[in-house]
Structures are given as C-alpha cells and as structure tokens.
Amino acid sequence: MPIVQIDFVEGRTVDQKRDIAKKVTQAICESANCPPEAVTIILRDLPATNFARAGVLRIDR
Amino acid sequence: MPIVQIDFVEGRTVDQKRDIAKKVTQAICESANCPPEAVTIILRDLPATNFARAGVLRIDR
Amino acid sequence: MPIVQIDFVEGRTVDQKRDIAKKVTQAICESANCPPEAVTIILRDLPATNFARAGVLRIDR
Amino acid sequence: MPIVQIDFVEGRTVDQKRDIAKKVTQAICESANCPPEAVTIILRDLPATNFARAGVLRIDR
Amino acid sequence: MPIVQIDFVEGRTVDQKRDIAKKVTQAICESANCPPEAVTIILRDLPATNFARAGVLRIDR
Amino acid sequence: MPIVQIDFVEGRTVDQKRDIAKKVTQAICESANCPPEAVTIILRDLPATNFARAGVLRIDR
C-alpha cells in the first residue's frame, strides 16, 4: 500500500502530472511487486519562493 | 503530542474543515489518551490534477 | 480520498492504534462526507528524543 | 528539484529499495524533464500495525 | 542529507522565507555537522482555515 | 505555528538532536517573528538503505 508524496517547483503541465502518475506507479509496482490499485500518489506544487537548497531560495539562483 | 496531516482533494467548506478539526481531535484524544491541547492538525487542499490512484489522476476518473 | 499522517511519541499499544484508525476514519467520513474506503491512515512512532516543542526535546521535559 | 517520500509496509529487501530508487527517479526525470541529480527519495518502512485503510489496520485484514 | 519540511500559516514575506532558508540551514549544519549543500528545505503556506490546535481552526481563535 | 519535519540518515546523537531542536527553533523564531512555544519539531532517522539521490541509495555511494 505505498503512499507516494512528491513536492516539486510549480510549472508542470497536467500532461506531465498524468505521465508522472502513470510511470511512477509502474516503477513502484515492478520494484515492490504490488498491484497498481495499491499505489496512491499526492503531488504538491511549490512556488519558487518556497524551495531552498544550501540555504538559498530557488528564486535567487 | 500528535501531529496530524490530512491531504485531500479541494472542495471542502470551512464548516467541514471546522468539523474535521473538532472530531479528529476528539477521536485521537479518546483513543490515545491525551489532552486536546496536544493535538495539532494541518489540512492541505489538493487540486484534482494532483492526486492519483492506480496510476490515474483524479481528474481522469 | 483523504490521506492522513499521524506522528506521535511511541508508546501506544496496538489496541490504541486500532481505535485511532477506526475513530479517525469515522470522524473524517462524517465531516467530509466520504466513504470509509477512501480514507488511508499512516501512523509513525517517534522516540522521545525525536520530538521537540519550544526548542526542547520531549526527553528533557 | 522533486522530493519524493514513499511510505509502505515494511518487508521490502534492500534490492527492492535499490530498484525503486532507480526506477522512480527515471520515471520522474522522463515525465518532468529534470536531471537525475535533482531527485531525492526518502523511503519509510511502516510496521503493519501502523497502516490502515477503511478504518482497519493492515494486521487485521 | 537532511530534508526539512516547514508548514506554517501563510503571510510570511519572501524576505522572511529567504531568512528562514539561510538560518535554518546554518542551524542544521552546525548541529549535525554537514555541508550546506546537503540541506534541502520545503516551505508550505497554509491558509488559516487549514490549521488547528486543540480542535479549533486558527481562523476561529 | 510552524511545524517542522526533518528527515535525515540515522547516526545523530541525542546531543546533536538537542542542539538541532534548540537552534532550528531560534532560527525560525528570529526569521518568522514567532514565540518559541509555537514551534514544533519532528525528527525522523532513516537507515542508509532508505535514502537516495540521483537514483542511487546512500549505502551504495
């Protein structure tokens, strides 16, 4: 019963999200040997002001 | 000190959120034997493009 | 399709977890008007060294 | 910079986790058009007492 | 490779987020002895309808 | 009311966790202008088999 949460910087299209949902589910089912119905995916779009690496916001890179 | 995170597809009214906060807190306090002040709840509203089960986005069902 | 994550300090029995699962699901279904099958709950047990409020670990209170 | 969190019931081998890391990263890079270095994955193993659907713990099914 | 997620009620300015990113990264690097490049931070802004303590939404306090 | 979640590879001592709790709370209070009592921190220790970057588990680097 994998629960997958993906946070990324906003800007993906609905088609990209559709593709992520399909391919990530396939990847987990193949690797973890579970049926697709068991996989739940949550996507969260973050503004570029809300993501940092090495102490620097994405908007400042 | 339970921390509760609830992600659901957007569309709940403020009254529904008020009710969820009250009843989920009661449920946890009764079950886990803790005072209401110890319970923190975060709600996150997801667009229907951002939730998938079985590899299919909610908007495509 | 609510996804519920609950983090608390370890020490709850299996019976308490069973009760939390049942009552939190009921609370959400009543408030958000969804069927029980739509509710997924994850519980995470934290050691008392891994929880802090006001900058102080739970083991130091 | 996708951050992926996967919670599942414990019991996956290290080889399965290696496979999940590789394939989920590939799936996201293809779909979201990002380099593999941008993808971070966290896996969390849950005991079967800590996962519920429809108000019932996994150990009781 | 610390992954930091911070959920708070919306209303922080970009300058405040910039400051949080910088100072939280420094705090973790000093305490956990890791390079800044290893620290990833996600910020999530919650409306005041989506945060509760003691069973009461933030908007009702 | 910031809620902070930090996932890192296991191996930090209790003293390091104590220091993280104190300094991260200070950093957030200074930046976001809130009292220490408002800050809750959860730490999660991950085995090196459960963390990946660029599709490769930490144990394989």
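Note that the chains are named A, B, C, D, E and F in the order they appear, and that numbering of residues resets to 1 at the start of each chain.
Everything below uses one rule, namely that contacts are C-beta pairs under 8 Å (C-beta built on N, C-alpha and C of every residue); 3 or more make two chains touch, one makes a residue touch a chain.
Because the structure is a prediction, the values reported are computed rather than measured.
The minimum number of touch steps separating chain A from chain F is 2.
By residue number, more than half of the contact pairs of E-F reappear in one of the listed pairs C-D, D-F or B-C, namely B-C.
Centre-to-centre, using mean CA coordinates, chain A is 24 Å away from chain C.
One simple way to say how far apart two chains are is to compare their mean CA positions; for chain B and chain D this gives 21 Å.
Annotation for chain A: residues touching 2 or more other chains are 1, 3, 5, 7, 24, 26, 40, 42, 44, 51, 53.
Chain pairs that touch one another, listed by label: A-B, A-C, A-D, A-E, B-C, B-E, B-F, C-D, C-F, D-E, D-F, E-F. The part of chain E that touches chain B in the complex is made up of residues 7, 44, 46, 49-57, 59-60. Interface of chain F with chain C (complex): residues 5, 14, 17-18, 21-22, 24-26, 36-37, 39-45. Contacts from chain A toward chain D in the complex involve residues 1-9, 12, 16, 19-20, 23-24, 26-28, 30-33, 51, 53, 58. Touching chain F in their complex are the following residues of chain B: 1, 3, 40, 42.
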